[in-house]
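Below are structures written as structure tokens.
The same chain A turns up in both complexes below, where it pairs with chain B and then with chain C.
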Partner chain A sequence: FILMLSLALGTMITITSNHWVTAWAGLEINTLAIIPLISKSHHPRAIEAATKYFLTQATASALMLFSSMTNAWSSGQWDITQLTNPPSCLLLTAAIAIKLGLTPFHFWFPEVLQGSSLTTALLLSTAMKLPPTTILLLTSHSLNPTLLSTMAIMSIALGGWMGLNQTQTRKILAFSSISHLGWMTIIITYNPKLTLLTFYLYSLMTTSIFLSMNSTNTLKLSTLMTSWTKAPMLNTTLMLTLLSLAGLPPLTGFLPKWLIIQELTKQEMTTTATIISMLSLLGLFFYLRLTYCSTITLPPNSSNKMKQWSIKKPVNTLTPTL
Partner chain B sequence: MALAATLLHNAYFCGRCCRHKALQPLLGPLLSDSLSKSYSSYRRPGSQPEKKTTWQNVDLSFKKSIEVLKTQLGMLKKETEDHLAGPEGQSLTHYMLEQTRVVWEFRSQEDLNKWVISSDVEIGGKSEVYLKLGRNNQTALLYGTLNTEVPRDGETKYSGYCSMRAKPLVGSFARKKYYDWSNFNSLYLRVRGDGRPWMVNIYTDPYFSHQKDDLYNYFMFTRGGPYWEEIKIPFSKFFLSSRGRVQDDQHPIWLDKISTVGFTIGDKVNGPFQLEIDFIGLLNDRAHTEEFAYETYEKNPPL
Partner chain C sequence: IPLIYINIILTFTISLLKILIYHSHLISSLLYLKKIILSLFIITTLTTLNTHSLLTNIIPITILIFTTYKTTINLTLLISISNTYNLNYIHNLNLLQY
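On to the complex of A and B.
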């Protein structure tokens, strides 16, 4: 319980900060609080995930501190919104990219998510993305837009490509997270409110998916196929949520994509908009495959886990229908 | 109890020396000689003296490097096509429906080259082990003599083990690849032994080096008759050990990143042994509902 409290504390500190040191302190509190959560199960893979997470996040925090120090050295002030020194901007972009998991610094993300339990993975992909996103929002006017757009496009591409033949649900959600982060980052220099909108909708959808998977305990694709026996209503809503994540029109997930494409075309970046819509087709392919596995096909077998007939945790069927 | 002692002294030496020396032929000139000098210059009685250092082995011919580049690019292209096709290179429906899969078969010399054999000769012992193709090229025969005579170097207490281990998968440009067996829940072996107990080891390649000795083991008891035996070992029965010592904190094996599988014999009995393997496969046993065989209660319950 105290770890959750520390997470909330760290996030609050970073969001409400206007001095670099408080922002960094909040991020460090978050990192330290989530490490025991990741390694709670004492499995070698969980410990490996916790070590990877710690190393990458510590590097990113150090880079961030370094960039703020060089900025303070050259401009004499520690305000987050006044980032004037160009090398500091570059370093900060790199640091935030590592923290969020944007390409080319995404390599830790699927492994860490795979090593942690489903609820911790949920926290990692929604709550832990909030403080770096706020810092990015506060400094977005002074960061190099070309660099951000390049990283965003690569993230969308890579998230779609690598997610194609994964069989572990947590890794699939990791790649979907990377892809959505790309969508969030591409619009941040032009209209930060859209970034926030994308982030909120994405966290809502991901929360419902993770919680649905948690109640049916699906860690891999084969378990997903037999989840219709456990809670049929949940399965239907899971399908809708997955398609919403993919960005299909009548569902909520289409809204941020539509607005982002509209904003990009207004900013004369039509080619970028076309490229990212094409790339998100890749992602759509694997979301469709997930829904195909879970809902549309009835496999010729049944699950051999005996204790799944009663649902241990309360199931949320309402959030997916958003 | 005999089994526990077996585990202790054979796997200790397996962990200590087997992997160190077994990985040298496995990974080739990439990693070999840097390992041999990381310890002191005392050479154990069984290991070969160093003839050539790494830098003398380098071949700087241009044509050969072009060929190597072509092979690697070909492998990369194949990997991309497999990635597009679906999990493990087969289509999704195939993955969804498969219940059995044959992973290693022994039909030709190339199949035998995917395995590495080792014995306690590395630490100075006297066991012998050989691997050859069986009759009609249908099986692999692992045979030899176990000799528990302890090498006289003052620090070894037990000896006498022989093992066979699969080489890890290598992708294009010498990247590591893993097996994804998450669809299955038992190992299926068609063997014909001679009554001696063997130990099956599964190595899930870890990322960090402090876990490199982690091995999941279980026993395989062979019957010895002239009839073939089909042994099914569920993955839930494998227990975790590190450098031969069974760990206190046990957890089930995660099947999504498996590197190699090995067989070891070390039952403290001097004499010849023989194991004929037809194939090694995987099975998704629908009747097996156990998730983990050891200590499934909560070890530190909240008060």
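On to the complex of A and C.
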């Protein structure tokens, strides 16, 4: 319970910071609080995930501190919104990309999500993304647009491509989060409010998916196929939330994509908009496969309702009807 | 004097590269992480002492405090790894590929 409190404290510290050291301190507190959560079950996979996570996040926070220090050397400002030194801006974008899991620094993310339990994976992919995105938002006017947009396009591509061959649901969700992060960061230099919107909606949808998967304990695609026996209503709502994550029009997941494409066309970047929408088709494939596996397939031996679990249902039913 | 500054930046970049291109043990990457943060600490003390501003003197001390947190978590993770694994090599971290 103390760990949750310290997580909340760390995020609050970074969000309400105007000095680089407070932001760095909040990020460190977050990593400190999450690592025992990841390695709670004394399984070697969990501990390995914890070490990978720790190493990457520690280097990223050190890089961030270094960028703030070079900025302080050249301009004497420790203010977050006053990044004037161009190499420190570059370093900062790289550091936050490592923290978030954008390409080319995404390699830790699927493995860390795979090694942690479902609730900690939920925390990792939603709550831990919040402080770096707030730092990005605070410094969005001084970031490097070309680097960010290339990283974003590559992350959308990679999130779609590498999610195609996965059978473990946590890895699939990891790649979906990588692609959604790409969508978030592509618009950040032009309209930061849209990144906030995408972040909120994405966190809502992924919390509902994670919680529904947690209640049925589906870690593989094969267990998804037999989960309709346990709670049929949950399966239908899971299908709807998955499709909204993919970004299909009548559901809420389409809204950020639509607004982002609109904003990009306002900035005369129509080629990037088309490339992004083409690449999200790749993600659509495995979302569709997930929905197909969860709802339409029947198990070889017919089994009726086996057990009733305690389910966090209201989150699920809210998100498609938002 | 910029020469000392360039030297410390060199230590930072070289230790950063050492983290990314590790030899065989995990402990070495942790050591170079520590070295990164030490170099950052030296840079902050230099900047705060050269610009005689009294408010920014807190910064190096707080950095040191948080690095003590980090290093304790470092070492506990190392211990847990050595409990569950036989050796300390980085090639052992391939369980999560499947």
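Here are some notes:
As a working rule, the second predicted complex is superposed on the first by the 300 of 322 C-alpha atoms of A that agree within 3 Å, B and C clash if a C-alpha of one lies under 4 Å from a C-alpha of the other, contacts with A are read in each partner's own complex, and residues count from 1 in each chain.
Please note the rule applied: a contact is a pair of C-beta atoms (placed from the backbone, for glycine too) under 8 Å apart; a residue touches a chain by one contact, two chains touch by 3 or more.
No experiment lies behind these values; they were computed from the predicted model shown.
Contacts of A:Met69 after superposition: chain C is touched, whereas chain B is not reached. By the touch criterion defined above, A:Asn165 lies against chain B but remains apart from chain C after alignment on the C-alpha atoms of chain A.
Touch criterion met: A:His42 reaches chain B and chain C at once.
Contact with chain C, but none with chain B, is seen for A:Leu32 once the two complexes are overlaid on the shared chain. In the superposition on chain A, contact of A:Val21 is made with chain C only, not with chain B. Using the contact criterion defined above for the overlaid structures, shared-chain residue A:Glu111 touches chain B and also reaches chain C.
In the superposition on chain A, A:Trp78 contacts chain C only, with no contact to chain B.
Legend: residue contacts after superposition of the two complexes on their common chain; A:Leu221 is shown touching chain B, with no touch to chain C.
By the document's definition of touching, both partners, chain B and chain C, reach A:Lys52. The intersection of chain A residues touching chain B with those touching chain C, taken from the two complexes, comprises 42, 44-45, 47-48, 51-52, 111, 114.
Taken in their complex, chain C has these residues touching chain A: 5, 12, 16, 19-20, 26, 29-30, 33, 36-37, 40, 43-44, 47, 51, 56, 59, 62-63, 66, 69-70, 73-74, 77, 80-81, 84-85, 93, 95-97. Put simply, chain B touches chain A in their complex at residues 82-88, 92, 95-97, 99, 180, 182-183, 185, 204, 206-208, 211, 214, 240, 249, 251, 254, 256-257, 286-289, 291.
Within the complex formed with chain B, the residues of chain A that make contact are 41-45, 47-48, 51-52, 111, 114, 161, 164-168, 220-222, 225, 289, 292-293, 297, 299-302, 304-306. Touching chain C in their complex are the following residues of chain A: 21, 24-25, 28, 32, 35, 39, 42, 44-45, 47-52, 54-55, 58-59, 62-63, 65-66, 69, 72-73, 76, 78, 111-112, 114-115.
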